[in-house]
Amino acid sequence: MSASKLKVAIAGLGRMGARHASHFANLTPRAELIAATSPEQKELDWTQQNLPGVRTYLSYDELLEKEVKNGLQAVIVSSATAVHAEQAIKAIKLGLHVLCEKPLSTNVEISQSVVDAYRESQKKYPNQKVICGFSRRFDASYRDAFAKMQEGVIGRPAVFRSQTCDKLDPSGFFVEYAKFSGGIFVDCSIHDIDLALWFFGEDSKIKSVSAVGITAVEPDLRKYNDRDNAAAVVEFYDGKIAQLYCSRMMAAGQEDTTEVIGTKGKLAINTQPQLNLVNITESTGIRREIPPHYYGRFRDAFITEANEFTACCLDNTEPPMKLEGAVTAVRIGQALQESLISGKRIEFAEDGSRIVPEMKAKL
Amino acid sequence: MSASKLKVAIAGLGRMGARHASHFANLTPRAELIAATSPEQKELDWTQQNLPGVRTYLSYDELLEKEVKNGLQAVIVSSATAVHAEQAIKAIKLGLHVLCEKPLSTNVEISQSVVDAYRESQKKYPNQKVICGFSRRFDASYRDAFAKMQEGVIGRPAVFRSQTCDKLDPSGFFVEYAKFSGGIFVDCSIHDIDLALWFFGEDSKIKSVSAVGITAVEPDLRKYNDRDNAAAVVEFYDGKIAQLYCSRMMAAGQEDTTEVIGTKGKLAINTQPQLNLVNITESTGIRREIPPHYYGRFRDAFITEANEFTACCLDNTEPPMKLEGAVTAVRIGQALQESLISGKRIEFAEDGSRIVPEMKAKL
Amino acid sequence: MSASKLKVAIAGLGRMGARHASHFANLTPRAELIAATSPEQKELDWTQQNLPGVRTYLSYDELLEKEVKNGLQAVIVSSATAVHAEQAIKAIKLGLHVLCEKPLSTNVEISQSVVDAYRESQKKYPNQKVICGFSRRFDASYRDAFAKMQEGVIGRPAVFRSQTCDKLDPSGFFVEYAKFSGGIFVDCSIHDIDLALWFFGEDSKIKSVSAVGITAVEPDLRKYNDRDNAAAVVEFYDGKIAQLYCSRMMAAGQEDTTEVIGTKGKLAINTQPQLNLVNITESTGIRREIPPHYYGRFRDAFITEANEFTACCLDNTEPPMKLEGAVTAVRIGQALQESLISGKRIEFAEDGSRIVPEMKAKL
Amino acid sequence: MSASKLKVAIAGLGRMGARHASHFANLTPRAELIAATSPEQKELDWTQQNLPGVRTYLSYDELLEKEVKNGLQAVIVSSATAVHAEQAIKAIKLGLHVLCEKPLSTNVEISQSVVDAYRESQKKYPNQKVICGFSRRFDASYRDAFAKMQEGVIGRPAVFRSQTCDKLDPSGFFVEYAKFSGGIFVDCSIHDIDLALWFFGEDSKIKSVSAVGITAVEPDLRKYNDRDNAAAVVEFYDGKIAQLYCSRMMAAGQEDTTEVIGTKGKLAINTQPQLNLVNITESTGIRREIPPHYYGRFRDAFITEANEFTACCLDNTEPPMKLEGAVTAVRIGQALQESLISGKRIEFAEDGSRIVPEMKAKL
């Protein structure tokens, strides 16, 4: 185990960026957060106040230029999705390790360009690590379920059912957000898609996808070709199916649940969401609270992610997932989003090429 | 309240028929089971031994002929699905009340013929009651959930998610059964479809249905155009969706769960299945058992069904559901089954007519 | 199996008496409720209206006198506790089967007199059945737990923890009730005591009992030497302990839970009380309701009790418990009540005689 | 917020000591672990390997002598219970902040001597912080429950029921451990006692304590006046009671549960223990695992403890509990242990003096 710490910079200090910064600065013993960048001065101010000693930059390029000289080794890309790919590629080309927030891009080709840059760069920097931050891969419960599946507890997995469901936000936030999010399947269900690929195998071949959706609370989402509730099925070539549900309308908080059903049993993750271990008996019955947001559910997973990414970089070990999977997930998410809007089922050949309907020039 | 008892006969004494017979004979105070028929002599023997005083017949027609003279008022049709409609119609034409097991038929037209016979017969026998036995309508938990939805607890219902999942039966029973069952959507999911129509409103108009499925444990089901696991979506014209899952592969027992998601909350029914109130702590953790079969889950509902059907007949009150709904459920189930096999999404116009793909002469 | 029905009369038509009457009249196929008595005319009116054909009497003695001639075979004693013993003994002396509600009496000697009468009567009527209605013995979950313990699932049982907790009734009912109830241990915990004797063995020998209690909501209970919350321990001679809790202060409903802890595992019954299988997600979290009263929890057990008592009488089979246990339960309950008030721990020799403190002439 | 880090040393590197060391070194951003001591060289070796940069000592006195010169500010006492008090007092006298593992001592007088030393030392070092590490005070679920109680959700708290139950360890460890542990009430239930004092108020006055116990799996515990299962009641002067259960015999893992019952509701903490959010459906039912040891349940609480202790020291804020409570807890635990062995109920006057039985010279 290396005694020196991984020198890390963070790009983007919004809600999740600030959390990543705290995790790397405070809860990742083998990492040292040396620099951070954001186009928002107030976010830099927050950083200076809360993470003293971290150098701040309004310009990402300037950060790279200066901090590489200071021994920068890794960049956490947690900026707006629109610049994920560009920022990741710049760091990759410098031989830096990169942990990029999901999705690499809402666009498949751009996502692929990150992978291409990485594989090219690896020729020069063979120990370079680049991963896309699918946080659930680091969650203790998902990992326990995966290990049990590997041990054969449920036989051969055949049906994957999963949902990512956000708490209702009556402020209209989700409408604004839909302009750039890539849509509910690319934004929310991408986690479930990634999990399906994990549990079914990264090399699973898609046979078809289809989706339907509604706007039960936010009709304005239709302006951006999005929905607030959607249901989908992804069919795989080896006789497996993934059934998905996503929603922006949960009353009490985040409800992200997954079931993996095999020929001999089932593994269910978080099918009874809970904030903590408290039950409240009142005149109306017995009640438990649930986490208001995804961070309440997955905080520990994010911290594990920070620590494991750091360990992979320092110890030159394999990360728990390949970057290529992040492109596949966007590809599926984008296809589901297309199906959601077009009302068509989309079919693929075993080689991954689209059969029907024919691919439009651009989604 | 009438003091005299409803004179009831039962047609079909197989697994469920025998249970219906016991319910009406022993647990339905206002009913009197006077006769029973089955083509199997051993089932008649069972009846004579267990339900003394009940007259038995090998011929349904003979039962009708003789027992009408004895004051027969109602017939419970619990025979093989293939003869449901024929037996129901014969009783209907005699002015008898009928409780027919689901489905009326696996065929839409034949199902409709039962309704037609009933509506015609009602001209002559205005107080006649004919219902199709969707047992979940009589389940205390579903009723409580429905009442809470009516009270506005979840706002406007928008998404309905439901599953009917049978325990794995490695004997090959389900393959044999598939010859006549109409397929997994007509046999299992029909309950979920009926519930969706109940919670969303009987007049809900179908916009599209689509389904995919696999044979994870019983490849021979493909001979009969059936699957052992299937996922589906039913889209309604008023911005509602029903997502369904059905399976013949549960490891521990029956897992029939439902969620009704509204704009302000969610009602979940049986999302943590259980046999009883016992938890067992062993070295491997904490365990609870679940009901092996649907009857373990719905026994009380069947008994309520017997009592309420009896009360409707005796007191001339409205049954909790209309017979027409049983045809709609078969129509949807059959369309899902078609989609499951064809791989096509089926779309309907608001008037109920099919848009795409064009209807084949016969499924 | 006998084809003729057991002719049953019921004494007492209060809340539970009326329920017993309905169970025997409507849900006990092998029994026929032929008569009922109550000192309240309105309760007889209710019976005539709801259970037509049942003959009613204001006088219990008159009922016995007349109905024995009509073939009366069994009496259900469900009257005020104060007359349980007297009514039971009268029926016993006539050779009738008796199901007597718990407790036989709040007084040990009077309880014993019922047993004495029974054992004397049996010399003349060897097939006579007399049981005390400890309903939990007929509950499916308790029975399943007991069977699992018998199978060795938890090793040797050593610790029994159980509670009977009623919903808060702010009307003052419990104060009035305390005049005659014998106190919270004789009224509520007697069920837990009976369960402890069942799970630990009827021949378990008490070593000590001790109890403490408070009046958190009903200080007036002190007038009748009672409490609204109490905690107790019963120590047995073979290295087993029972820890009890009872309360009249539950916010949401009945919470009767039990744990049986053995050397290899634990059986927990109803540790997550629930009214039904519905979970309600609202803005405040996920909620389930619980049964408001004991009948909501144990209705099925009462019906099973009626049917099994009937079967024992008709088929001359052994009832699931001995009448002597009902005296032991009162003995323990009364000692706990004494300890609750005196603040003293009461110790017993292995032969059952009291060691300290010396027995007072009368509690 | 101070930018400089709290310089911390740890005394004792056994199971829990090593964990504390890791928490302070890696997961407490505002602390710097500078030194550690243990009489075991292999534990120092572990430290050098896993926590590089931490100076190690075989002698506690030497550590104090040398590290005070290096700016040592706080000591974590996590050594054998027998030396807790001595080590704590030495650090206290030097003006160092101290976090001492529970219990201060198994002896009341020795425990009190730590408090006395602290209060004396505070005259010289008014900002000095000394706390006893009752980890559950830092647990998110207990805190949430406490906050809800404060908000009035359950009315006035009246009954406290709590258990600390360890997994069965068939190695005989608990027998060896009993030589020094102070007994099951001082070792295990002390957490529940501390919680009772927290929820009921630190100034709650004990009226009586009584306990009984058994040796169901470890008869050799009797050699050390200990038991493997015990039940107790603590009565308070303001009409409140605490019912306790402790065990060394759990089959699946740690089961530490608590209920706080008030006049209007109940707060239940961890009444359904779980390792994580996974449910496993197998042919035998639905199963979840539970944490094998207390650390699996309370790891996050220990980390919070490290961070909050650090913050109190650096920012001179009040710790969440007073040191005096740790003596009261030992006093109650020791009285319960005495009652467990003597079979006597122990009563106290309102001023805290013992009434009956008279205090023996020494327990």
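Residue numbering begins at 1 within each chain, and the chains themselves are lettered A, B, C and D in the order written.
The rule is simple: a residue touches a chain if its C-beta (ideal position, glycine included) is under 8 Å from a C-beta of that chain, and two chains touch if they have at least 3 such contacts.
Treat the numbers as computed from the prediction; the structure is a model and nothing was measured.
Note on connectivity: the fewest chain-to-chain touch steps from chain A to chain C number 1. Touching chain C and chain D together: A, B. Seen from the C-alpha centroid of chain A, the farthest chain centroid is that of C. A count of C-beta contacts for the chain pairs B-D and A-B puts A-B on top. The distance from the centre of chain A to the centre of chain B, with each centre set as the mean of the Cα atoms, comes to 42 Å.
Averaging C-alpha coordinates per chain places the centre of chain B 57 Å away from that of chain D. For chain D, residues that reach two or more other chains under the stated contact definition are 154, 250-252, 264-266, 271-272, 275, 280-283. Across the complex, chain B is touched by residues 154, 156, 158-159, 161, 168, 208, 210, 212-217, 229, 231-233, 235, 239-241, 243, 245, 247, 249-252, 261, 263-266, 271-272, 343-345, 347 of chain A. The residues of chain B lying in touch with chain D in their complex are 250-253, 255, 272-275, 280-290.
Contact residues on chain A toward chain D in their complex (touch as defined above): 3, 25-27, 29, 52, 140-141, 144-145, 148, 153-154, 264-272, 275-283.
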